[in-house]
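Listed after this line are the structures, all set down as structure tokens.
In the two complexes that follow, subunit A is the common piece, with subunit B as its partner first and subunit C second.
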Partner chain A sequence: MLKNKIAELMNEPGCATNQAKSDAQRKKGCSKPLTPGAAAGGCCFDGAKIALQPITDVVHLVHGPIACEGNSWDTRNSWSSGGDLYRLGFTTDLSNLDIVHGGEKKLYKAIKRSIARYKPAAVFVYQTCVGALIGDDVDAVCKAATERLGTPVIPVNAPGFVGSKNLGNRLGGEALFEHVIGTVDPGDAGPTDINILGEYNVAGELDQFRPLLARLGIRLRASITGDARFRDVAACHTARANMVLCSQALVTLARKMKETYGIPYFEGSFYGISDTSDALRNIARMLVEKGADPTLTDRAEALIAEEEAKAWAALAQFRPRLAGRKVLLYTGGVKSWSVIQALQEVGMEVVGSSVRKATEADKAKALERLGGDEDKLADAITPRDMYAMFTDGKADMMLSGGRSQFVALKARTPWLDINQERHHGYACYDGMVELVRQIDLAINNPIWAQVRRPAPWEEA
Partner chain B sequence: MPQSADKVKDHISLFQEPEYKELFENKKANYECRVSDEDVAKQIEYTKTWEYREKNFARKHAVINPPRACQPLGSVYAAAGFEGAMPYVHGSQGCAAYFRSHLSRHFKDAALCVSDSMTEDGAVFGGLNNLVDGLQNCYALYKPKMIVMSTTCMSEVIGDDLSAFIATAKEKEVIPADFPVPFAHTPSFVGSHLNGYDLMIKGVFSYFWDREAQLTPVKGETINIIPGFDGYAPANNREIERYLGMMGVDYTLICDVKDTFDSPTDGHYKMYYGGTKLDDVRASINAKATVSLQEFSTEKTLEYVATKGQETVALNSPMGLTGTDAFLMTVSKLSGKAIPEELEVERGRLVDAIADSAAWLHGKRVSVFGDPDFVYGLTGFLLELGMEPVHLLASNGNSDWEAKMKELLASSPFGGSGQVFINKDLWHMRSLLFTEPVDLLIGSSYGKYLEKDTGTPFIRLGFPIFDRHHHHRFPTFGYQGALRILVEILDRVFEVADNASDISFDLTR
Partner chain C sequence: MALVINHNKALSTSPLKTSAPLGAALAFMGMDGCMPLFHGSQGCTAFALVMMVRHFREAIPLQTTAMNEISTILGGSEQVAEALKNINKRAQPKLIGLVSTALTETRGEDTRGDLNRIVAANKDLPPVVYVPAPDFEGSLETGWGKAVGAMIDAFAQPSSQPPLKRVNILPGVHLTPGDIEALKEMVEDFGLEPVVLPDLSGSMDGHVPNAYVPTTLGGTSIEQVRGMGRAVLTIAIGEHMRISAEKLNDKTGVPYELFDRVTGLEAVDRLMVVLSTAAGIPVPAKYRRQRSQLVDAMLDGHFFFGGRSVAVAGEPALMWTYAKLMAEMGANVVAAVTTLHTPLLSEVPAERVIIGDFEDVEDQILESGGADLLIANANGRLLAGRHGIPLFRAGFPVFDRLGAAHLASVGYRGTRDLIFAIGNILMEHPSHGHGMHLAHSEHIHGDAPVAAG
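Moving on to the complex of A and B:
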């Protein structure tokens, strides 16, 4: 069953890259084969976990040996505006005897106990390599537990060995679609309800765009899954439109919701000023098409004009401090192209941008903003090349995730975290100003002059 | 009863019991004749205003919460840094007891000191008899190799002449004529412990170089290092010696308290443990140069050393990158020895740590109080970290220090909001913290009251540290010391971040 599901996920009609492939290529699937012996990213379990973990009012229970949860517990800055239940680490801690005798009973007891103790809105059970290898039927245990205990228990069948982290993201989406979405009627569905898919409320970014939506009278039914409540996700089939933020992770879920519930979707971004504006325009247009008050379009335009003017004005003050500085963007989740414009606006030169996880459309946009210079688009840059860029003075700064930070830091180059471990929200208009402010703080920090200076007895 | 033999409560919890709370309330209501709580609260609010700050800074005739000690404390500390030396205080015994407890509370180790217990008749007729008896008893009872004498207010007010008195004692043969008794006049009502330290080091030098025998310097290759009055001396001296050893420099540490105040527990009590060898002090006149690690602990000493034809260099605590670089380069220049690769690697590790964490420290506003060289060295490091020193207070700083501090602040883009204060106390600091709040306060243990009062997160660095143990066992000097300070600052910054919000209570920072 899992095999079929994976095959289906590998053939995503909503994915432009997939559609551009030949039949033979498509059959191979889209995951790049892992190279044994080379550094690799997270596993499928990790992907599923991070896609669903931000749902705040449920127990996330990992069925596996201790370290699957132990090593990943609470390492992402997905914030909650409500409870903290999602930040507790639950695991069945499978050990020798469980592997001999099977872990299903232990899993059931763990589910029962966590429900009794924490009264969660639901329990999400994550399968891991070990549980899958010994043949524990997580789906069946969850089904039985749901019936007997009266609390939804959701199986997330994405053991680590089946594929990449990205596949895990999508399997997480599958679990929501199969077991959660459509199970609750909210009773108050309105003409301006929307969902946002692939948003994880990193550093509280949700609250950079929730207020914008609120000013337009748009209700965010569910963010999937940043700062989400189980009931809201379960009722999100009543929304009128879906916006997909991280299409790599959840475009399949968006397509399925369109097919099953008739909810149209578009792919957009809240990173970058004009991208935020485009996103707001698209949301307004889709809601009006689905029968919302037609004045929404004009109100959205007014809001956009006001916020853009404010943001560009706020950015202008950074221009004298940042003009002419060279930035390398090396990003995974956050879409590179959408910040290029803001950086160019304050006079910075984007000397390179990685498009590792970007779609063809993303690449085209990035290329356009970089003036058609293909050399500036890179797939993956090896640490050696990256290091050379810094030491040769081709880049003054890097924006990236935590894993590549030390390449920059060891080359005595300022670095800014724009991945999940960061502590500042960079979404929407305010967020872009914040990003530029953080760049200013990092790149103009006098610390670098000192860090770059050789020991003074070497200077003479 | 809240207290029972089965479960004995300590004073932290005992006085929270209802019986005691009731007792306190009763006392407050019926016996204390207090002004009302509202009036007290109103007055407290008033003391947080700018108006009060101006009045506070106009204050002339009282010091409230002084962040400094007196001269003889410094001279007793200085005496402890020499082989077999017994610190001796000519004056009243209470002073000597204070110096012992002050040093013991900080170093968590025994601090020796005797006094000649002057009483009323001593004050009227002069302290000669006490001094003669005192020297005789001290010599007989404790068998020191040297007695190092300082004075207190009492003997200074009546004008006792140590030089003449010690000569008289030797004439009376209570101690051998060649027994070393260096001395310094150290009235508590002038200067601070730093002056006492300075005068006593000078006193020891001048005893061995001029009084014991008139020595003529023969210039050699050794370098004298005077660490200065330093609450972290046990670890700092070891750190400095490690660097000198790596460079292969021939050196003498003058006043080395690292063993005196950090002796091992091995089942034997050693009255005298460690310290600079007296022969080394005699030979130190032949040094090529003398380097003081703390300029304002050694002003008079260096003047004196210079008269013997030695090159002298005064540093301001080798803290942080620049401070440590300056020390290494000074030593390298004086000795002609290169700075080894390992030290450059160590420096690189510190630079790495600074780069890793700079974003968390950037622009954080800090107030510092303490001894002048400590404040100077730390301010230099804070500027290197991208932090903004705001209030820099050395109650015992002089105008030279003030000018030097202002120059340091002007040399960095982060120094713009720095204000330098001398002759000010911790009640002044309180006004500063209320009227111009900062992110961090750094200073000795006495800062804990300011933390409680003003809510400013506080880091203990300086002298004395009474309420935390073993801080003196880890260096503040050198690259390792800089790492330690960096980590302490970061820990506090992260702690504040963790306490500030439930939402951003992040695992990874």
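Moving on to the complex of A and C:
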């Protein structure tokens, strides 16, 4: 069963990357075999956890040995505007004996105890490699627990060995579709309700776009799953439109919601100024098509014009401090091309941009922004080459995720975190201004002159 | 005498424990030119790697055999072979540490047998040290101890030549690079040459190299481990290093002294006597002066510790070290929580020692009517914040403070500084009084306590 689900997820017709492939390529699916000894990145369980952990009012219970939760709990930077139950780590901490005797009873007891003590809106149970290997039937335990304990207990069947983090994101979405979405009637569905899929409220970014939506009278029913409450996710089938933010993670969920509940969706981004404007336009258009007040379109345009003017004006002040500086973009989730636009606007030269996770359409757009210079588009840069780019002066700064930060820092080169562990929200108009402000702070920090100077006894 | 309690809970909430393979990986971080490799799914490596990156704020070399669905069913020896060859090609390490995980151990893989065949067929591979460390057995200390033992098995050898003025140090996983640096300095000041296995102070001390290095950078070399047989003495620190010390003694004949800790006046006195005896010289003036400073720090500081309630949570050796120091300064250890059973636990200066998690820490604190201070790793921040208790971060991981690798608590000077650091926190927070705000109005006792051991 899990196998069929994975095959389906790997062959997603709604995926833009997939649409651009030939029939033969598509049949192969999108799984890339990992190279032992040269692999980087999380497992399927990690991906499922990333996709679901931001739901704040539930217990996230990991059925596995200590490594899966003990080595990773409370490390993700999703913020909550409410409680912090989601930040606690829960695990069955499978031991030797559990592996011999089976872990189903222990899992049931763990679910029961977590409900008694923490009174969660629901319990999400994550299967892991070991639970799967010893044949523990997590689905059956969750079903029994739901019936007997009266609290929804949701199985998330994504053991680490079945694939990558990205597949895990999708399997997390599957769990929501099968067990959560559509189980609650909110009783107050309105004509301007939307959901946002693949948004995790990293560094509180929801508060950069929720106000924009509010000014247009649009209600965010559920962010899936940033700062989400279980009830809102369960009732999100009543929304009128879905925006898919991180396209490769939850597009399958969007397609299924369209097929089952008739909710149209589009893929968009809140990173970058014109991307944000496009997203707002799309949301307005879809809602009007679904029967919302047609003046929404004009109101959206007015808001876009006002916010864009403000943002570009705010960016202009950074130009004298940043013009001519060379930046390397090594990004994952944040769309490359729309960030390039903002950096170029302040006069920075983008000397390279990775397009590892971008769709073909995104690549084309990024290429256009970079003046058609194919050399500047990189799939993956080895740490050694990256280090050389800094020491040879080909790049003055890098924007990337935490994994590569020390390549830049050890080369005494400014670096800014734009991945999931970032501490500042970079979404929408304000977020893009904040990003440029952070770049300014990093690249113009006074330490660089001192740390690059050799010790007095090393000077020639 | 403490009552040692293991609830054997079905549900671990806010774990204190981290995994054994992570402990093994940490040990390999202290080896020169090393690349550790987890035999498991890529998540096993990713979690451990991220945790070490966040703690040390350093690039961490750690690879994976990337077990997938097919190799999980058919067996992973091909994955191991391919991983070793790829690592050798890309990173050219001087040593590879191969660590099994719960995934491969549950399968029952014969990784040692596989490894022997792979090494025989690939003569160009660097030495590979295999550490079986399933996640479902033990904790950070377990994996660290196993990895050190495996390196002794692999490289240590007896010497027919007369011993040098050399002292082996087997530090426990609770010691930081800063601690090891301080220990080496002490040994050197006695005119002895320290060989540390593993030496995190050479690799994880946050230095800036002048080239990109894909493996560990600094640390103990294989050559140094081979030379451990020519030492006059081995100093092992932490009960979990006992097995390694005995192993080294069996293989090389070098006698050992096991220290349960090297923090606190009496403990450091003992270390000084042992070093002085080994070196055949009196304790240098520098340390007599430092001892005097520590005595003075205890005199100045005891006002702020006396009668205060302190909760301590961590791996056994870390918890022991801090609980003993707190008790020695006159504080009451109102909660002592650790990750696994060890012989010393019944001697912890507390009423009870719980083998458990941060939920147990919270319950113990509530039961005793509050605490003035929590000493634990960074994951204690949630509970500390909830109850308004200051958190002194110690152990692994500490991901929300700078300089975790440099926090030194060993020797007279380390103890002195620790008394100042903790004393200052206690001074700033006069008393927890009765103002505890309880987040959970009801307080459930699920499983009845069961005495263990």
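Keep in mind that, in the parts below, the second predicted complex is superposed on the first by the 452 of 460 C-alpha atoms of A that agree within 3 Å, B and C clash if a C-alpha of one lies under 4 Å from a C-alpha of the other, contacts with A are read in each partner's own complex, and residues count from 1 in each chain.
To be clear about the criterion, a contact is a pair of C-beta atoms (placed from the backbone, for glycine too) under 8 Å apart; a residue touches a chain by one contact, two chains touch by 3 or more.
Remember, it's a predicted structure, so these values are computed and weren't measured experimentally.
K.L.:
Under the superposition described at the top, does placing subunit B and subunit C together on subunit A give a clash or a fit?
P.N.:
Superposition check on subunit A flags a clash between subunit B and subunit C.
K.L.:
After the superposition on A, what does A:Leu88 contact: first (subunit B), second (subunit C), both or neither?
P.N.:
Second partner only, subunit C.
K.L.:
Does subunit A have more residues touched by subunit B or by subunit C?
P.N.:
After superposition, C is the partner touching more of subunit A.
K.L.:
Per the contact definition in the header, classify A:Leu213: touching subunit B only (first), subunit C only (second), both, or neither.
P.N.:
neither
K.L.:
After superposition on the shared chain, which partner residues are touched by A:Ile447: those of subunit B (first), subunit C (second), both, or neither?
P.N.:
first
K.L.:
Of the partners subunit B and subunit C, which touch A:Cys129 in the superposed model: first, second, both, neither?
P.N.:
In the superposition, A:Cys129 contacts subunit C only.
K.L.:
For A:Arg117, decide between first (touching subunit B), second (touching subunit C), both and neither.
P.N.:
Touch status of A:Arg117: second partner only.
K.L.:
Under the stated touch criterion, which partner chain does A:Asp74 make contact with: subunit B (first), subunit C (second), both, or neither?
P.N.:
both
K.L.:
Of the partners subunit B and subunit C, which touch A:Leu149 in the superposed model: first, second, both, neither?
P.N.:
It touches nothing on subunit B or subunit C.
K.L.:
Based on the superposed arrangement, let me know which partner A:Val162 touches: subunit B (first), subunit C (second), both, or neither?
P.N.:
A:Val162 sits against subunit C, while subunit B stays out of touch.
K.L.:
Using the touch definition from the top, say if A:Leu61 reaches subunit B (first), subunit C (second), both or neither.
P.N.:
second
K.L.:
Show which residues of subunit A both subunit B and subunit C reach, each in its own complex.
P.N.:
The answer is residues 73-75, 84, 410, 412 of subunit A.
K.L.:
If you look only at subunit B, which of its residues touch subunit A in the complex?
P.N.:
321, 325, 328-329, 332, 339, 344, 347, 351-352, 354-356, 358-359, 362-363, 384-386, 412-414, 502-504, 506-509
K.L.:
Over in the complex, which subunit A residues touch subunit C? Could you list them?
P.N.:
Per the touch definition, subunit A meets subunit C at residues 33-46, 61, 64-75, 84, 87-96, 98-99, 106-107, 109-110, 113-114, 116-117, 129-130, 133-134, 160-165, 383-384, 387-388, 402-403, 406-407, 410-412.
K.L.:
Would you mind writing out the residues of subunit C in touch with subunit A in their complex?
P.N.:
Listed in rising order, the residues are 9-15, 17-19, 21-22, 37, 40-48, 50-51, 53-54, 57-59, 63-69, 72, 79-80, 82-87, 90, 101-103, 106-107, 134-137, 139, 208-209, 211-212, 214, 379, 382, 399, 440, 444, 446.
K.L.:
Which residues of subunit A touch subunit B in their complex?
P.N.:
73-75, 77, 79-81, 84, 203-204, 409-410, 412, 421, 423, 441-442, 445-448, 450-451, 455-458
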